[in-house]
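Order of writing sets the labels: A, B, C, D, E and F. Residues in every chain begin at 1.
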Amino acid sequence: MNIYIQFAYLIASVLFIIGIKKMNKTSEARTGNQLSAVGMLIAILATVVQVEVLSLIDIFICIIIGSAIGLYVAYKVEMTQMPEMVALFNGFGGLASVAVSISDYWLKSQENNFDIDIITGVSIVLSIFIGGITFTGSMIAWGKLSGKVNGNAIIFGGQHPLNLLLFVASIVASVLAVMYQADPIYLLILTALSLLLGVLTVIPIGGADMPVVISLLNSYSGMAACTTGFVLNNNVLIVAGALVGASGIILTNIMCKAMNRSLVSVLLGGFGTTSSSAAVEGGSEIVVKEVGVEEAAMLFDSASSVIVVPGYGMAVAQAQHVIRELSELCEKRNIDFRFAIHPVAGRMPGHMNVLLAEANVPYDKLVEMDDINDEFSNTDVVFIVGANDVVNPAARTNPQSPIFGMPILNADKARTVIVSKRSMGKGYAGVENELFGYPNCLMLFGDAKQTITKLVGEMKEM
Amino acid sequence: MNIYIQFAYLIASVLFIIGIKKMNKTSEARTGNQLSAVGMLIAILATVVQVEVLSLIDIFICIIIGSAIGLYVAYKVEMTQMPEMVALFNGFGGLASVAVSISDYWLKSQENNFDIDIITGVSIVLSIFIGGITFTGSMIAWGKLSGKVNGNAIIFGGQHPLNLLLFVASIVASVLAVMYQADPIYLLILTALSLLLGVLTVIPIGGADMPVVISLLNSYSGMAACTTGFVLNNNVLIVAGALVGASGIILTNIMCKAMNRSLVSVLLGGFGTTSSSAAVEGGSEIVVKEVGVEEAAMLFDSASSVIVVPGYGMAVAQAQHVIRELSELCEKRNIDFRFAIHPVAGRMPGHMNVLLAEANVPYDKLVEMDDINDEFSNTDVVFIVGANDVVNPAARTNPQSPIFGMPILNADKARTVIVSKRSMGKGYAGVENELFGYPNCLMLFGDAKQTITKLVGEMKEM
Amino acid sequence: MNLEALILLLYVLVLGSYLGFELIAKVPPTLHTPLMSGSNAISGITIVGAILASNELGYTHVSKWLGMLAIILATINVVGGYAVTDRMLKMFKKK
Amino acid sequence: MNLEALILLLYVLVLGSYLGFELIAKVPPTLHTPLMSGSNAISGITIVGAILASNELGYTHVSKWLGMLAIILATINVVGGYAVTDRMLKMFKKK
Amino acid sequence: MKIGVLKETKLLETRVALTPDTVKQLLKKGFEVAIETEAGLQSSFSDQDYVAAGASIGSKTEISQSDVVLKVNSFTEEEVGQLKEGIVTISFLYAYTIPAVVDALKAKKIAAFSMDAVPRISRAQKMDALSSQANLAGYKTVILGANALGKIFPLMMTAAGTITPTKVLIFGAGVAGLQAIATAKRLGAVVEVTDVRPETKEQVESLGGRFLMVEGVEGVKIEGGYAKEVSAEFLQKQKELVESKIKDADLVITTALVIGKKAPVLVSEDMVKSMKKGSVIVDMATESGGNCSISEKDKTVVKHGVTIIGDSNLPALLPINASQLYGTNIITLLMHLADKDGFKWDMEEEITKGSLITHNGELVHEFTKSILNK
Amino acid sequence: MKIGVLKETKLLETRVALTPDTVKQLLKKGFEVAIETEAGLQSSFSDQDYVAAGASIGSKTEISQSDVVLKVNSFTEEEVGQLKEGIVTISFLYAYTIPAVVDALKAKKIAAFSMDAVPRISRAQKMDALSSQANLAGYKTVILGANALGKIFPLMMTAAGTITPTKVLIFGAGVAGLQAIATAKRLGAVVEVTDVRPETKEQVESLGGRFLMVEGVEGVKIEGGYAKEVSAEFLQKQKELVESKIKDADLVITTALVIGKKAPVLVSEDMVKSMKKGSVIVDMATESGGNCSISEKDKTVVKHGVTIIGDSNLPALLPINASQLYGTNIITLLMHLADKDGFKWDMEEEITKGSLITHNGELVHEFTKSILNK
C-alpha cells in the first residue's frame, strides 16, 4: 500500500478526532463538523486514487447518486424531523458495512476460492451481524419517528426469550460461517438473523425513547465500520469506527442519564414500555407535552422576548434567586425579559413583589397585569413558574369555573408557553388548567428551583 | 514476537492511560499511580520472559540495584525536596534512553555490521539527542533546586547564538551519523552536543522557575522513550512515551499559565530572566501567583472545608448572590462552608450582614472574627472576596503600618488562600497586603461577581 | 492477516476507542443530536471499504454490485449526515 | 523497519499523543507535582528497551554494558518515581 | 347617578372612601361624584385635589342626599338619620355587631352593602377590602413594633460587637400575618410563626419564616379557608409550644381574628411575664377583644416590662395607601353592582347576595340575620 | 481600680455606659465596678442584672468617688463638682462646646477622656463610639420615617391596585447615612443619595442606592475621610439637583453633621414647600442646628403638610443595642489606657493623645484648645 495514501488516512483520522472534539462546544461545533467532513473527503480521495481506472466511472456514478439522495433528503427535511433523518442515514451506513463485508467474502471465498484467515473471518461475521442489526433497527426507529410505523411500544409475550434465541442462533451461524467458509448459506442465514434481531429489539420501544435508541444504533454502526476495517485491514476505518463506537456509547449513556433511563435496559431492548410523558400524579385528564431542560434552554436562547409569570410555586420553591440569574443571562443576550405580576399571585398581596425584591430584581422589570396583558401575543416565550390559577383561561371562558370572572394573565396568547411546576397538581382554587394542554404549551416538570438551576446551567453552555 | 507478550504490552499501555487519567482528580490520584505502576510491572515481566535465560541474572542484578537506589532515595527524601527528586529521576530516565539507543546502534552497526535502515537511524539520533538534553538539563535543575548549583539565573552574553549554533551542529552531526553509520564518531559527537545543550538551556533559568523546566524535561524524557520505541519497534514504549510527552507539554503549559509565563519562552530556554509575575497595575512590588477559574474550582471541589472572607469588594461587585450559590453548591458536596465576618469589613458597620442577608445566606453560616480565627489553620481553602485590609497580616506584624493593632482574620493560616479581586489595588487603608505574595496564596483576578459566576459554572461541570 | 498486524490494529482500536470515550466527556445536551448526527456521518467511512470492494472489474461479479450498492448507501450516509449536521449547527449561530 | 510498520507505529504515536493531550485537561495545581512525578515514572518505560538491549550474551560487548547501565538508571527512574509519587499522594487522603 | 363620599367620623380614622384617582375612574364611567369638605385631608388629599379630579365638594347634609353614599367605617345611627330615604350605601358595616344601625337602615329603606361581607371568591378579589386593609395592617404591625423596640432587627457584626437579630414571633398567618412575616424578614429579623391551619406552613416558609409545627395532634377543621373548629388538645399543645418560644422573643405580633367572634386569647398575662424586659407585643385584634389578655385598645402600655401596642385601626396609620386600595375595592364593587343609570339588583348573583345587608326595609343578609335573630 | 458608672441625667437619654456584659469583662480583667442605682433601667437592665454580673450598686455620691467614672453624655458642671479630685472620666464630651465644664474639670485636676475625640484610625475602631452610635441612628431614622409615613415602603402589586414604592432621599453617606440606605432598601424603598464626597458613590451603590452625581464640578477637599472644604459652585449645583429630586421624595433623611461646626442647611423651607403633602423629613442633625432649616430639636412638627422629625438623640431610642455597643467602645478604650493597677499615661501614644482633653489641671487637647482659645 502506498505510504502517501496511508498518510492521508492518518490525517483523515486526526481530522475526525479533532472534529468530534470540537463538537463538544456550541461555538466550535460547526467548524468541527466541517473538519470532519474534510477528513472524509481526504479519505475518499486517497481511496479513489488507488482504484483501477476502469472502475472509476462506476464508483463516480454511485457516489453521485448517493450524494444527490443524501443532499436532497438533508435539505428537504423539516428541522423537527432531524432525529428520524439521523436514523435513516445511520441505517444506510449499517447496510453499507454489511454489503462491503459480504462483497469481500464473496470475492475471496466464492469467486477466487481463497482461504479466509480466522481473524478476517471473525471480522466479516461481526461486521455483518452488527451492520445488519444497525440497518433494520434504524429503519424501525425511523419509521416510528416519522409515523410510518406505530410509534407505541409494541409488546408481545416471549419477546425476550425470542431475542435470546435469535442471538444464540446468530452465534451458531457465525461460527459455522467461519468454519465452513465455502458455503455462503451460513453467512446469508446470519444476515437474515441480524436483520430480524434489529427489528425485534427496536419494535418494543416507545417513540419517546427513540433518540436514545438511535444514539445506540449510531454507536453500533461505528463498530460495524470498525470491524469492516479489520476485514479490509484498513486503519482509517478502524480509527473512525472506534471513535464513533466509543463516543456513541458515551453519548447514549449521557442521554440515558438525562432521560432517567439505565443503559443496561436500553442494551437489552424493550425498556420504557409505556410512553411516560403523561403526568398521572395529579390525576389530570389533560394531555400535555413535556419539554426537557435542554430544549427549554434552546427556546429561551432563540427568543427575542421573554415574560416570566411567577406564582405561588416560585415562592414555595424559593426559586426567585435563580430566576433573577436567568433574567440576567437573557439580558446579556439582548433578550427582552420582564415579569408579569398578577395581583393575586401567591398567597398574600404583594407576595411576588417581596420575593423578587429580595432577589434584587429591579422594580422596572415588574409589569402589572393590565399593562402587560396586550403584549403576550407579541412575546416569543412566556415562562410560567409555579403559577396556575392566575393564568387559567377558564377564568375567561368557562362560566361554571369557580374562578370565572377573575382577570387573568393572557399567557396563552404567547408563541410558546413553558410551564415549570412539579406535577399536574392544581392551584389554590383547585381547578384544572387546560392551558397546560394547549398546543403552544410545554411542561417543564420538576421543582422550580431545581429545574431552573439546570436551565441556567444549560444556557450558559450555549 | 510472541502474541501474548504483545498483548501484555497492550494492557500495560491501557493501564498507563487510565493511571494518568485518574491522576487528574485528587480523590483518585493514588489509585491512578498504583494502576500505572502495575502497568509498568506487567510491561517489565512481559519483557523479562522473552530474554535469554543466561542474561536473566545480569538483568535482575541491575534491577535490584536500581530498585534499591530508587527506593532509598524515594523514602529518604524530605517532602519539601520532591521537585528535585523528580528532576533527578527524570535525568536518569533520559540517560537510560541514550544508553539503550547507543547500545542498539553499537550492536547493529559496530558489532554485527548491520545496515541500519533510515527510519531506525533517525529514531536513534533523535533518542540520543532528546535523552541527552533531558539528562544534563535535569541534573542542572536538580542541582539548582538542591542548592548544589547556583540557583540564580546564570546569564552570559551570546547565550542564545551559542545555543543555536550547538543546535545546528547537532543536526549536522545527526545527519552525518545516519549517513555514515559505520563511524561511531558522529554519534558520540551528537551525544556530547546534546549533553552540553541540556546544561546550557537550563543554566540561565532562575530557581523559582525550575518546576516548569522540570515538567518540560519530563515531557522530553517521554519523547526520548517514544523515539526509543521506534528504534526497537516496540509499541508500549511508543504509547507510554507519547502519553508522557504529550501530557507533559500540556502540564507545562498549565503550569506556565499558573505562573504567568509563556510556553514559547520556556521552549527557547532562558525565559524569565527576572520573575515577571509582579502585577504592576497597583504599583505593587509583591510577587503573586495567579490562579485560573478552573483550577480554583478544582481547589474548592477537593476541599473539605471552605471559609469565605467577604469584604468591601464583594459589596462593590454585588457578588453576594453568586457567593450564596457557591455556598449551596459546596454544601451539596458536603464541603463545610462558612463565612468569616470581620467587624469592619465593608464601609459601614454590618455592611456584609446586610448584603448576605439580602442574598438569603442563613445567619448561622456567618461567624464572628473571634469565633473563627482559630479555625483557619484547619481550613483547606479560604476564599477572600474583595477583602483586603481585614486580612492584612501587617496588622499583626508591622508596627509601622497604619493598620497595626487592628484585629484581623487569620486567613493566611489556611492551607490555601484564594483571593478574588480586580487588581493589586489597595484597600481603604491604602496599604500593601503581603498576604497576596504568600506561598499558599493564589490570586483570582477579575470582578468578583464575574469570576465567581464563572467559578460556579466550572464547579457545576465537575 | 498476520498476528503482528492484528496487534498493531488492536493498538489502534484500543487507543481510538479510549479517545472516543475521552472526547465526549461533557457535551451540552443541546449538542446531543448534532453530535450524534455528525458522528453518524463519520461512521459512513465504510465508503472507503465500499470503494475498494467495488474495485472489481466484471459486472458479472456479485461483489462488484454489492460494492456499488454499498457506495451508494455509504455516500448517502456521509453526504446526508454532514449536510444535516451542518444545517442543525447553523441554527446555533448567535444572533 | 518497513514503511507499513512505520505507518502503524505512527498511528499509535498520534493516537497516544492525542490521548496524552486530552487526559491532562484540567489538573488542579495541587496535583501538578504528583502528576509530573507519576508521568515521569511512566517515562521509565525505557526499562523495557534496556532489558532487551542487555539481552546480549557476552560481557565483552559494549552494548551489554550500556544496556545494563540503562537498566539501573531506568529502574531508579521507575521505582523511585512511583514510590515518591505515592508518598506525595498519600498526603491528599481525605480526612 | 350621584355618588357621595362622607367624611369619616370615627375616632383615629384617617382614611377616606374615594381618592382623587378613584373619583376619576367613576367619572369616566359616567357617574357624578361629590365629596364632603375635608373628607380626604387626613389621607393627604385636599379638597382642591378632588375638584381637580372632577368631583364637587359639599357639606355633610348635601352629600347625604346622594343616590349612593360611600364610607369606610359603618354609619352611625345619626348619620343614617341624615340620609335620604331609599338610597344605597356602601361601607364596612360588620352589621351583626350593630343592630340599632341595621334597624335604622331598614327604617329608611336603605340598600346597605357591606364591604366586609363581600364573598372571598376569586372573581371578587378586587373588591376584597378585608384583604387589602389586612395586608397594610400586617406591614404596619412590624413597623410599630420596630419603632417601639429598643433594638434593631438585623444581625450586625460590628467593631463594637455583634448585635444578634431580633426574634419575632407571629401568631396567625392570614393575610396580615403573612405580610408581617415578609416585612420582618426584610428588615432582618428571625421570624417564627404559629397558626392553627396546617396549610399555612408552606406559605410561611415561602416567605422565609419558620413555622412552629404542633406535632402529633390533629383537630383543625377548615371551612372556606377559615379555621372553623380547633380541638382543645391541639390548642393545649400549641400553647405549650408557644410558651417555650415566647421567652426568647423580642417582638410578638398577634393577628388572629376570627370573624364574627371575640378574638382568641393567645398571649396570656403569664406569658407576658415570662418575656424579656424591653420586649414588645403588637396586638392586632384589640378591636374584637385582643389576642393578648392584657392589651388595651388604642393604647400603648408597658406591663411587666413589656410594651404592648393596641392600635385597633392599623390601616388608618397608612392612610395614603389604605384609602387608595379601599377606593379601588369600593368602586369595583359599585361598578359591579351598577352603571351610571342605576343598580342592576340581580339578587341571585353571588356578590350582590353576599354583600347586601338591608334592602327595601328588610334585613336580607342570611349570616347577619342568623346572628341578630339569635 | 474602681470604675463607677453614673446614671445619665440628660433629658430623653436612655443609654447607660456599661451593660452587665461589659461589667463582666471588666471584672475579668481585675477592675472593680460600681453602678448608680437604676442607671440601666431605661436600657432594660435592672440593678439585679448588674449585681448578678458582679457589680455593686451605689448612690450618685458614692459612685462619684470612684477612680474612674464612666458616662455616655458629657458631665455637667454640677456632676463635675461631685467628683473626687484627680480622678479619670470617660464619656462623650464635645469639649469644645462646653468651656464651663472644661474649666471645672481643670479645676478638679480631672483627667477627662472624650469618646468623640478618639482618633478614627484602624486600630481604634473598636473604641469608635461615634461610628457605633451613628450606625444605630442611621437605622432608626428609617424606622422613624417609616412609622410616620402614611404609606408603605415596598412596591406591591395587589388585587386592589399597585402601590408604588416609597422614594427615600438621603443626604450624607457617612456611617449613619449608609446604614439608612441599607435599611430603607431592605424595606423595599427606592433610595437616592447625595453627598459631597465623590468616593461615597461606590459605597452607596454597593448598598443598592442611587447616587445623585453632581456632574462637571470639582471642588471637594477631603481630609482624613471628612469633607473639609466644599466649593460654592459645587454646593449650588448640588442644590439644584436635589431640588429637582425632593419634589418626588416621600421620605427625606438628612445625616450631614460636620464635626465641630453648625450643621449645613441642606433642606430649605422652600424645598419643604415643594414636597408632597404627607411626606416626612427626618433630620438627624438637630443637635447642631439641623440640616433642615425648619426642623425643631426633639420635636415632631407638621409644616407645609410635611412631617418633620427632629429627635436629636436617636441612639437613645435603641437603648439596648446602643448601650451594648457603647459599653464595648468604652471598656476597650479603658483597657487600652489602663490595667487594674492604674493608667499608663503614655502621652505620646496616638489614642491617648487624641482623646485626653484635660489632665493635671491643664487643657491638653490641641483641637479643643484651638477652638476654645479662639
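Basically, contacts are C-beta pairs under 8 Å (C-beta built on N, C-alpha and C of every residue); 3 or more make two chains touch, one makes a residue touch a chain.
In UniProt terms, the chains line up like this: A, B = NAD(P) transhydrogenase subunit beta; C, D = proton-translocating NAD(P)(+) transhydrogenase; E, F = NAD(P) transhydrogenase subunit alpha part 1.
All values derive from a computational prediction rather than experimental measurement.
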Those chains which touch chain D and also touch chain C: A, B
Any chain that touches chain F and chain D: A, B
Farthest chain (mean CA position) relative to chain F: C
Of all other chains, the one whose Cα centre sits farthest from chain D: E
Winner on C-beta contact pairs when B-E is weighed against B-D: B-D
Distance between chain centroids, defined by C-alpha means - chain C, chain F (Å): 79
Euclidean distance of C-alpha centroids - chain D vs chain E, Å: 82
Computed distance of Cα centres, chain D from chain A, in Å: 42
For chain B paired with chain F, centre-to-centre distance based on mean C-alpha positions, whole Å: 56
Chain A, residues touching no fewer than two other chains: 13, 17, 21, 235, 239, 318, 343-344, 349-350, 354, 357-358, 360
For chain C, residues contacting two or more additional chains: 5, 8-9, 11-12, 15-16, 18-19, 22-23, 25-26
Junction residues of chain E, two or more chains touched: 125-126, 131-132, 135, 154, 156, 158-161, 163, 186, 188, 208
Listing of all chain pairs that touch each other, if any do: A-B, A-C, A-D, A-E, A-F, B-C, B-D, B-E, B-F, C-D, E-F
Residues of chain C that touch chain D when the two form their complex: 5, 8-9, 11-12, 15-16, 18-19, 22-23, 25
Contact footprint of chain B on chain E as seen in their complex: 154-163, 165, 188, 190, 208
Residues of chain B defined as touching chain F within the complex: 312, 315-316, 318, 343-344, 346-351, 354-355, 357-358, 389, 395, 402-407, 429
Sites on chain E touched by chain F in the complex: 14, 43-44, 46, 125-126, 128-129, 131-132, 135-136, 139-140, 143-144, 146-147, 149-152, 154, 156, 158-161, 163, 183, 186-188, 276-278, 305, 317-321, 324-326, 328-329, 332
Residues on chain B engaged by chain E in the complex (per definition of touch): 341-344, 349-350, 352-354, 357, 360, 363, 366, 368-369
